[in-house]
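Here chain A shows up in two complexes: once beside chain B, once beside chain C.
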Partner chain A sequence: MRHILTAIVLLGLIAIIVFGIELTGTRLMVRIATNLCIMLVLVLGLQVFMGNSGILSFAHIGFMGVGAYVSAMLTIPLQMRSMALPDLYPIVAHIEISPYLGILLGGGIAAAVAAALSYPLMRLSDAAAVITSFAFLVVLHTIMLHWSAVTNGPRTLFGLPNITTLPLAAGFAAIAVITALIFKESRIGVLLRASRDDEIAAGAMGANIPYLRWLAFILSALLAGIGGALWGHYVTSFSPKAFYLKETFVVLGMLVIGGPNTVTGAVAGTILVTLAFEGLRATEGFLNSIQLFSKPVIGLTEIILAMAMIVMLSLRPGGFIATREIGDTVMRWFKFRDKTQ
Partner chain B sequence: MVELIQFGIDFLSLGGAYALMALGLVIVYGILRLVNFAYGELIMVTGYALYLVNGTALPWLVMAAFAVFIAVLTGIATDYVAFRPVRAKSVTAVLITSFAFSTLLQNAALLFISPRPRNIPLPDIFSRTVEIGGVITPVRNLLTIAMSVIMLALFAWLMRRTVIGIAMRAAATHFTMARMLGVPANLIISSAFAISGLLAGIVALFWLGRIGSVVPGIGLQPLLVAFIATVIGGMRSLQGAVLGGFLLAFIDTSLNYSLPQDLLKFRDAFTFSLVILILLWRPEGLLKGPASGQRT
Partner chain C sequence: MESAGTLDVPALFLFRCRLKNVTKAISPEALQAHDVSVVFSGLRALDHVSLYVNPGEILGLIGPNGSGKTTLINALTGQVHLAGGRVVAGTEDLTGCPPRVIARSGIARSFQIVRLFNAMTVAENVETAALAQGENRRQAKERAQGLLAEYSLSGQAGEIAGNLNYGDKRRVEIARALAARPRYLLLDEPAAGMNESESGDLLKLLAALPQKHDLGLLIIDHDMSLIMRLCHRVHVLSSGRTIASGEVEAVRNDPAVIEAYLGSSPEELS
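Entry: the complex of A and B
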């Protein structure tokens, strides 16, 4: 019951934002909201792994890149393909699939890559796990940067069909919310959370921890790949730079500020940070336009996000919404009111 | 033969630098069991400190000392900003705060200095070359080897013979017990960060000496090197860090010599895949550290 309530509240929140903006919004608002929905998919993807297993993963954004490039490789219209990716392998060079299929396939391939490569890493915990996931990100980035036949190397890849609209992005965001909630409450999710809270005890009870983490990691990569492909079809041109530390920092910041252990926290953090980001970016643009300083102002947004993260973690290490999903909070509130009456 | 000498010099100079970088990371990790993601920024800070004193009439050694001093201060600042407020709460929290601190420093450099490379002052001797056994090699490489030998010896002496070193090793073995026996926790942790800053600062002089300029993102490569070296060597062992540094340098140099040109650009991907393989074989790293106690 309370889980369904959580789902209803969160989906309602997304629906309100989308409909509100579809009805009244300007193009800028639509852009911000679409971005928000894509970020929701990415942040929830990270939450699936990090929230349930308690292990910080840096590789996530790498899978976002895999999704984006896979979809690009298969959906760039054929007449542009020879220009955008001149050295593409002949097997795929003449296949053009629907971009919607491309998005799903992007997620699927990202999940397959994760499934094939990550199992051994799941045996590691704590710092070693974080460092290897960081190494994983570097490996993926290096490959994206140099595998010119598929990614056009460090240069910008262009020509993706622009199909990501606000309703499509919102639809995927809603699916991501439901997936994350179902996974969290599933048998696997519960076992995994037990291993997060006490690895030794959960192992002693018979939980196969590496296997559980592996499943979560695959699901997480699936969402990341879909998010990346969605983003690719939204911006229509990108380079490997887009899938590296800066993006990692933003996604991680959203999750940490909101609260990594709850789906509600992930959603709240994404919305909050997106709003703050847009505000700051506007300020940055404004400062640059009036030329108050002799140099262009860059990096201010990141500095403030970094400070917010440090302050947040010192004051509330669990983020805004640390343990209780919104449905739970509402239920408790009702019960409390019944008792007092 | 010539090639062997060439290989030896390349390997030793790279290995020395890698080993010192790894030591700087592991000295903090050994005590706190927490990874410092802002470690690479110590290198960046050293570079910018050099850039800021560039053009003054000071001799280079004074400038270098100043830059290393700034790196030490930044190391201690990392402790106060990113570690002390959250270190008792959760491992993940500290990883994220140090990552945030690293981003903070990088973007501060972007905002207040410039996104473009800035030149740093270098002594003449760095650009000279000498001939050894038919091999022409930059003096800088030989200096790097000498410096790493000196620093490693100094470090070994510090850890074995001085009170603070012994206290640090005690804290790394069993933190709670060491505290009960009167080792002041905060002082030990701050000194570990100071030593970390010192090692990073000195390596930075030589690391930047290869490039001659500094950009805000310069810390990433050294950070990765230090990470990988410590993971290979064993996260909690100081000897392991040195071994890991040299091993990583050996892998890197061999790949440089053996990979064909069009695969060479994937070198990082090969190196990191190799690291993942080593970890499969020994998840603890090659050398085990002291049995771990509780961290606080």
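Entry: the complex of A and C
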């Protein structure tokens, strides 16, 4: 019951944003909302692994890149393909699939890569797990930089069909919310959260912790891949540097500020940080246009996000919404009110 | 599924008879440590210790600080590497198995320092143990509700476990261990940090456990009066070695035990 309420509240929030902007919004507003929905898919993907296992993963954005490049390789129209990817392997060079299928396949391949490579890492905990996940990101990034046949190397890859509209992105965001909630409350999710809170006690109870983490990591990579492909079909051209530290930092910032342990926190963090970003970007533009300072103001967004993370981690380490989902909080509030009356 | 809680009268009668007969001999289903040794960087924490717990029996494991009691529980549950010896439950040889395999063969434990899942609710904490045994969420939920009612924790089911008081945390830990439907339950100082009335309540609760949940109980505690009143047999360790083992009365008057608790007179042990 309380889980259904959580889903209703979160999906309602997304629906209000999307319909409100579809009906009244300017092109700028539509752009911001579409970006928000894509970020929701990515942040919820990270929440699936990080929130339930308690292990910070830097590799997430790498899987976003895998999804984007897989979909690009298969969906760039054939007449542009030989220009965009001249060295593409003959097996796939003449296949053009629907971009919608490409998005799903992007997620699928990202999940398959995660499944094949990540199991040994899942045996690690704490700092060792974090550092190896960072190494994983570096490896994926290096491959994207140098596998010219598939990624066009460090150069920009262009020509993806532009199919990501606000309703499509919002649809995937809704699916991501539901997936994250179901996973969190599933048998695997509960056991994984137990291992997050106390690894020794969970192991002593019979939980196969590396296996549970592995499953979560695969699901997390699936969402990251879908998010990456969605993003690819939105911007239509990108290079490997789009899937590296800056993006990692933004997604991580959204999740940490919102509260990694709850789906509500992930959604709230994404919305808050997106709003803050757009506000700061506008402020930056305004400051530069009135030439308050002799030199242009740049990097305001990054500095404020970094400071927000520091403040949040020192004052509320669990993030904005640390333990209870919104549905749970609402139900408890009603029960409390009934008791006191 | 519901085999544990629903013994019919003849079965219960047989069970009682069996209990009387087996307290002196090793049952074929017993949980046993054979000649177990554990070495920590050259230090022998356990030196050829053998012990058994029969089904339906309460065994007290006592000894001075640092005598290896917790290490023995860790050895039985696979948390430390054995330098020698074997761990056997019934016909199953569990030597060298990882903790999760031992847990799934029906051996549950509690920890000396309470180890709850602090960011999860009390109900989720208890459910976890049933889930880890392969039950689905619905079964685990029912199991948890029953146990929480049994331990008068139903009111706190929705609370975050980390916010409970100490006595409640201890009870949640026991309820959680029972949710796994263990054949053997190993409790590491369940009464630590409890006041007189709390440990009195705990004593009643523990005494009823073997019959109610059809299990063998091994219990470590420093509260001698609790151990002496509760246990069918007592096993005494000192510096990693067994110094006495047997019926409560016999062990209490054993000179080696009295010496190990130097400064304790026999009266203090009663």
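What we mean here is this: the second predicted complex is superposed on the first by the 334 of 341 C-alpha atoms of A that agree within 3 Å, B and C clash if a C-alpha of one lies under 4 Å from a C-alpha of the other, contacts with A are read in each partner's own complex, and residues count from 1 in each chain.
In this text, contacts are C-beta pairs under 8 Å (C-beta built on N, C-alpha and C of every residue); 3 or more make two chains touch, one makes a residue touch a chain.
Treat the numbers as computed from the prediction; the structure is a model and nothing was measured.
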- Query: Do chain B and chain C fit side by side on chain A after the overlay, or clash?
  - Reply: fit
- Message: Tell me the contact category for A:185 with respect to chain B and chain C: first, second, both or neither.
- Response: second
- With both structures placed on chain A, which of the two partners, chain B or chain C, ends up touching more residues of chain A? B
- Message: So in the superposed three-chain picture, is A:78 touching just chain B, just chain C, both, or none of them (first/second/both/neither)?
- Response: neither
- After lining up the shared chain so the two structures overlap, which partner does A:275 touch, if you call chain B first and chain C second: first, second, both or neither? neither
- Query: Which partner does A:101 contact after superposing on A: first (chain B), second (chain C), both, neither?
  - Reply: neither
- Message: Given the overlay on chain A, how many degrees, to the nearest 10, lie between chain B and chain C at the CA centre of chain A?
- Response: 80
- Message: I want to verify one number: the closest Cα approach of chain B to chain C after the superposition, in Å.
- Response: 10
- Shared chain A contacts, counted only where both chain B and chain C touch the same residue: none
- Message: Touching residues of chain A toward chain C in the complex: what are they?
- Response: 185-187, 190-191, 193-194, 196-198, 200-209, 261, 318, 322-324, 328, 332
- Query: What does chain C use to touch chain A in their complex?
  - Reply: 77, 79, 98-101, 103-104, 108-109, 111, 115-120, 124-125, 127-129, 131-133, 136-137, 140, 158, 160, 176, 180
- Message: Considering only the defined contacts, which chain A positions touch chain B in the complex?
- Response: 50, 54-56, 120-121, 123-124, 126-128, 130-132, 134-136, 138-139, 142-143, 146, 245, 249, 252-253, 256, 260, 295, 297-300, 302-303, 305-307, 309-310, 313-314, 317
- Task: Please give the residue numbers of chain B that touch chain A in the complex, ascending.
- Result: 29, 33-35, 81-82, 85-86, 89-93, 95-97, 99-101, 103-104, 106-108, 110-111, 114-115, 220, 224, 227-228, 230-231, 235, 265-266, 268-269, 272-273, 275-276, 279-280, 283, 285
